[in-house]
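Both of the next two complexes hold chain A, though its partner changes from chain B to chain C.
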Partner chain A sequence: MKKKNSKQSKQATQPKQSSEASQSKQSIQSEFSLLSIIISEYASLQCCIPPWRGICKIRRDDDCYDFAAYACTNQLEGEMFVEYDVTDIEVLIRSPSRLTKPEPAINQHKNKIKSHSSKNLTKTTEPRRRSESRHRKTLSSLKRMSLPNATEDLSSEMEVDAFRRLFPLRYFERHLAESIRPDGRPLKEARETSIFLGAVASANGSALVKIGSTTMLTAIKMEVMTPSLESPDEGCLAIDFHMPSICSPIVRPGRPAEAEPVLSKQLSDTISSSGMIDLKELSLVGGKAAWMAYLDIYCLDADGALFDAALLSAVASLSHLQIPAVAMNDDGKIVLMSEEDGQKQTTEQVNKEKRKLTLKSIPLSLTCILHKNYILADPTAEEESIIETHVTIVLDTSGQLISLYKPGGPVLAFTSAIQDCVALTRQRVKELKSFLDQANSAMEVE
Partner chain B sequence: MDRPDGRTPNQLRPLACSHSVLHRAHGSATWSQGETKLLAAVYGPKAGAKKNENPEKASIEVIWKPSTGHVGQAEREYEMILKKTLESICIRTIYPNTTTSVIIQVVHDDGALLPCAINAACAALVDAGIPLKHLAVAICCSVTDDNCVILDPSKQEEKKAKAFAYLVFPNTTVSVVPEKLLQGSDPTAHGIITSVTHGAMSVDNYLHCLERGRATTQRLSEFLRKNIEPKSIREASKAG
Partner chain C sequence: MAGKSATPATYSPSPTTGKTKSTLLKENWIRPDARGFHQCRPAFFRTGAVNAASGSAYAEFGNTKVIVSVFGPRESKKAMLYSDSGRLNCNVSYTTFSTPVRGQGSDHKEYSSMLHKALEGAIILESFPKTTVDVFALVLESSGSDLPVVISVASLALADAGILMYDLVAAVSVSCIGKSLVIDPISEEENCQDGSLMITCMPSRYEITQLTVTGEWSTPKINEGMQLCLDACAKLAKIMRSCLKESASDAQDESS
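And now, the complex of A and B:
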């Protein structure tokens, strides 16, 4: 702690701002610093002495306590800036010695730490991306350190992180009462969604979909197979959903997640019952050859609403799918046709040209969670773990109900709630359809 | 609307239920609707919760045994739906950190397999004396091509149907607490615990299914109630 303080004072005595800034830049770049805090302190408000600047680096939680102690002993006042790429985080630190002194304005007792977007602070340090959880942890420990001396309004603010962990349901309900969710969304709003087609170059069709931080990567590989006797003029679509252990702390390496087979089944049921793909289109030679499409979905980040993201990525990859051109050679075998072959071997019977599948109506989904009378659209993993009643509704673009899936849960779904969920899904389907069309038209332009 | 077996659209197949059929299990029951027949056995509550389960609550594991072949994706899905459905009717705070195993053996599948399994599991849980909030009754409604809703379809009808929905309702409290009848109908009876659908249908069709399914639950829960009653009365008289 002492060391820290001496460091602070050393930096504080630097007369020129620019040299100090460059020095701090170097020292920060040389070491891995998790968070750097720039303090612009007014030594005394009464006499308006120009500010000196000090830089405090916080690398571990312990550094926060050191910083707190430093802040207290030096009786900091004024504003503190947390250099980080997020906005709207405000940490208040009060110096206890100042609190005891009678002063006219409350503001003078406060040390404000404001988080600014890093562009405001580019003069001192390069903007760095850091994991939000670590950031939160650091900030929360910043909050904690001044807890013993805090007044009531402050203590309620300080304990948020502990409250969130100890009483997740109550924490959640406090938010609901204010019609807002822990991540700042309104109750019925879905997270930001993005679709990127053609993410896997070696696959015949692929898509990378993000809903919030839930990420799904889907790739389709086409193979020629002999169709089964029951359906000689139909191809086949095999859907597999994978949850590797990187996607969530719940999934252990080596042991497949419980959700894997269930989601695979749900996805293939949904796609087959929607009638989106005509399997006859995948036929090559009746009874002899047909396409087998292997659709593999990899969950890269599981942060709730897995089915929605998986279905969207499956649908997006199917819309991106290009069936390769094949020809039948003299032995009656199907061979892949490369670009040059197409012109050269005109005598050979050409079966198919490179083409896209025609998708009839596209099924899209929305997962809602029900809690008491609240309906929350597109839950995160945290919300899903707190509230057990999930309803997943799949509608196709023509408005037909493809699936209404509610596996148990303590809350009963009444007809009115179902109708509300259906209305929300309708809206969401429209939104997703426009995203999908945008992604497809962007591909065509390229 | 003609059905191959001459039933009316609202008519269920003959129901049969017997309990305590296995004497090594803590609770067991068979449930049959027409040709569809399942056997459910309950063991537990056993000490300890499985990994990834909340140890502060009693957990349920479901093991689905198909009549032939291996356990595939469909069976895994059934297991998950059954587990979540049964967890929502059990009072899970009574025996925290325990696991109750429910084993479902398919004897014969002739349509409406999952609803029958839920009914069988529910009867077996009651037989084992696991504390429940209320019973659950499950029904299968199928929508035909001309948008008619038929109840409890056989496998043949299920294949022909445009879409079908498995619905699980809490049992009407009327059959448990007759006094409630005087105070008007209980609102909990109108909610659905579980809904699983296959095939495409319009939203109106689904709501129609809900209505028709709900109307049948009273009959089903009365039947379930009647079948569970004798044992509990017998035991009470033995104890007394």
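And now, the complex of A and C:
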């Protein structure tokens, strides 16, 4: 890189570049110089440069590093000037030579996923060097770093990573064309799922659920309340979803994530409308005391499909919930019965034994993302960030539709797509139900 | 509360802990979990608990369960002035179900600042100028000695994230109850303690990053307590180090 303060040099080369651009309008992708693509892509990546201008204003350090990494790995030719002013860094680029755009060989990449070795990933770009006469100065420092025979494996590895960061959508679509996803899954397959009941010792019911690396920890604490006048013989279930700052780089302390209240509401709507729990079962003394079940879901690791994991963990913790044995003392307060002093006190037993709730129907869900004609089940956070159309379908174990969310997104969900999603969800619900049964029977054995 | 405009006042049916104080003040008392006075709870560490973070660690000390994520080094907040050395940002919060009686699950400001001060001296801040490293801790279940556990786990998470440090930071506390000193106290013991002492140190350098003493202490008691803590810290650091080595060798196995 070279520091330069005058901007004259860039103007000298710009007319030529734009004439080149007009010649190759029809085959923009293959004929534009690689740099122009980078720059226009950068424009779409919220960098404040108009496409094809040759100036890249870099606002954040990250942008600069991304750009430098990309320039290195693709062996850009030309000059690069970095201009410092007080606030921003401006990078002025002239690219006299044309290069083909990178073609990450998808088949090779697929092999890589399967064999977990980076050796198949050899050079994915063959920069074609043209107009050597205009190739006056090269990015000497940058270029030296990326000389082909220096670190062959490393540079090609970086290339895929840089491509992934800079052109996420294109990277993703290349995979889709091959019917595989960046993490090696087929399109309609959900990630590995595990349920562990009783994770929180001090709670009345708890569950730890993992879908891929998305992790949810749910605990239920039972407290006593005076039931409302409208429903004197009913208890209450309060569902709260929390995203603490440990779960994702996006969440900062003091600024709760937007998803928090949205998911809380969706979850309590889903569970109350599914008729899973009869609130009358939470009653203790009609009109005087009833259970208030606080169900708190903590997201410990956020990697997509948060609603599915949260619902599964809520349902699992409810299936694990044991209502404690309590008695009413002389003051009319409900107290726990402990083994030693349960008998001797003259208390009125309200709930004689520990008992479980009867769960009528169990709601379970699957989130799909729609992109063009593709349907992808159980998206990761990366996939969710690239594609905005989500469809979440909640079914109960008998296959009844409980709710369906399609919050906006550019792709219209056609009837056939929705039907496909429902069919996928039906399969997934069966799978989840069997996981849940396994976890519950494992608890009973203990 | 989700979906409820007015939450009715509720109470927990579990009895309030009043009797423990008296049992602990007897002459020949034993600890509620039957440990020796100078015996720590079994410690379990695991790194790489949160994939979304640059580094993370999880630990269980008896029933105290803590998870710590480290993010960064990443861009400092816009409002921050230019700085040649890196910044450290710490936050400690509790889950609503961490305590026996359901709490609010809010941030713990005091612990956040103490965590910051305990770690600050151990991190080579010059290695990441202009940027910030965020250390976020969540106490999943609290059952005594929360802060020392949080500090130890946080230093492990920092190591997992590849942040340069002079040494791991291990932290241990002792409580003074009557005439006896108990190490690594649980909540019941903390509730009736006469004084407490916490040391966070870098054992291989034999340097102390933080020392807090509260309550009533005599000079010989302080000396005894400090020696107990330092010994325990050295042992704790060994366990932490072996946990790091394990995860590093696992990573090597996978790549080869």
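What we mean here is this: the second predicted complex is superposed on the first by the 276 of 446 C-alpha atoms of A that agree within 3 Å, B and C clash if a C-alpha of one lies under 4 Å from a C-alpha of the other, contacts with A are read in each partner's own complex, and residues count from 1 in each chain.
As a working rule, a residue touches a chain if its C-beta (ideal position, glycine included) is under 8 Å from a C-beta of that chain, and two chains touch if they have at least 3 such contacts.
All values derive from a computational prediction rather than experimental measurement.
A.B. asks: State whether chain B and chain C clash or fit side by side on chain A once the two structures are superposed.
C.D. replies: fit
A.B. asks: Looking at A:414, would you say it contacts chain B, chain C, both, or neither? Reply first, second, both or neither.
C.D. replies: first
A.B. asks: Quick check for you: in the superposed arrangement, does A:381 touch first (chain B), second (chain C), both or neither?
C.D. replies: Once the two structures are laid over each other on A, A:381 reaches chain C alone.
A.B. asks: Just checking: does A:403 make contact with chain B only, chain C only, both, or neither of them? Give me first, second, both or neither.
C.D. replies: A:403: touches chain B, not chain C.
A.B. asks: Examine A:310 and indicate which partner it touches, taking first as chain B and second as chain C; both and neither are also allowed.
C.D. replies: Neither partner.
A.B. asks: Just chain B (first), just chain C (second), both, or neither: which does A:264 touch?
C.D. replies: both
A.B. asks: With both complexes superposed on chain A, which partner does A:225 reach: first (chain B), second (chain C), both or neither?
C.D. replies: Second partner only, chain C.
A.B. asks: Going by the contact rule stated at the top, is it chain B or chain C that touches a larger number of residues on chain A?
C.D. replies: Result: the larger residue contact count on chain A belongs to C.
A.B. asks: Can you give the closest approach of chain B to chain C, taken over C-alpha atoms and in whole Å, for the superposition?
C.D. replies: Closest C-alpha pair between chain B and chain C: 6 Å.
A.B. asks: So which bits of chain A does chain B touch that chain C touches too?
C.D. replies: Overlap of chain B and chain C footprints on chain A: residues 261, 264-265, 268-269.
A.B. asks: Within the complex, which stretch of chain A touches chain B?
C.D. replies: Where chain A meets chain B, its residues are 250, 258, 261-262, 264-266, 268-269, 273-275, 388, 391, 396, 399-415, 418-419, 422.
A.B. asks: So in the complex, the part of chain C that touches chain A is made up of which residues?
C.D. replies: Interface residues on the chain C side: 1-4, 7-15, 49-53, 56, 63, 67-69, 71, 74-75, 91, 93, 95-97, 99-100, 102, 105, 107, 130-131, 134, 136-138, 140-141, 143.
A.B. asks: Mind pulling up the chain B residues that touch chain A in the complex?
C.D. replies: Those residues of chain B that touch chain A are 52, 72-74, 76-77, 80-81, 83-88, 163, 165, 168, 170, 187-188, 190-203, 205-207, 210.
A.B. asks: Could you please specify the touching residues of chain A with respect to chain C in the complex?
C.D. replies: So the residues of chain A touching chain C come out as 60-62, 200-203, 206, 213, 215, 217, 219, 221-228, 236, 238-242, 244-249, 252-254, 261, 264-265, 267-269, 272, 292, 294, 296, 298, 300-303, 324, 326, 333-336, 338, 381.
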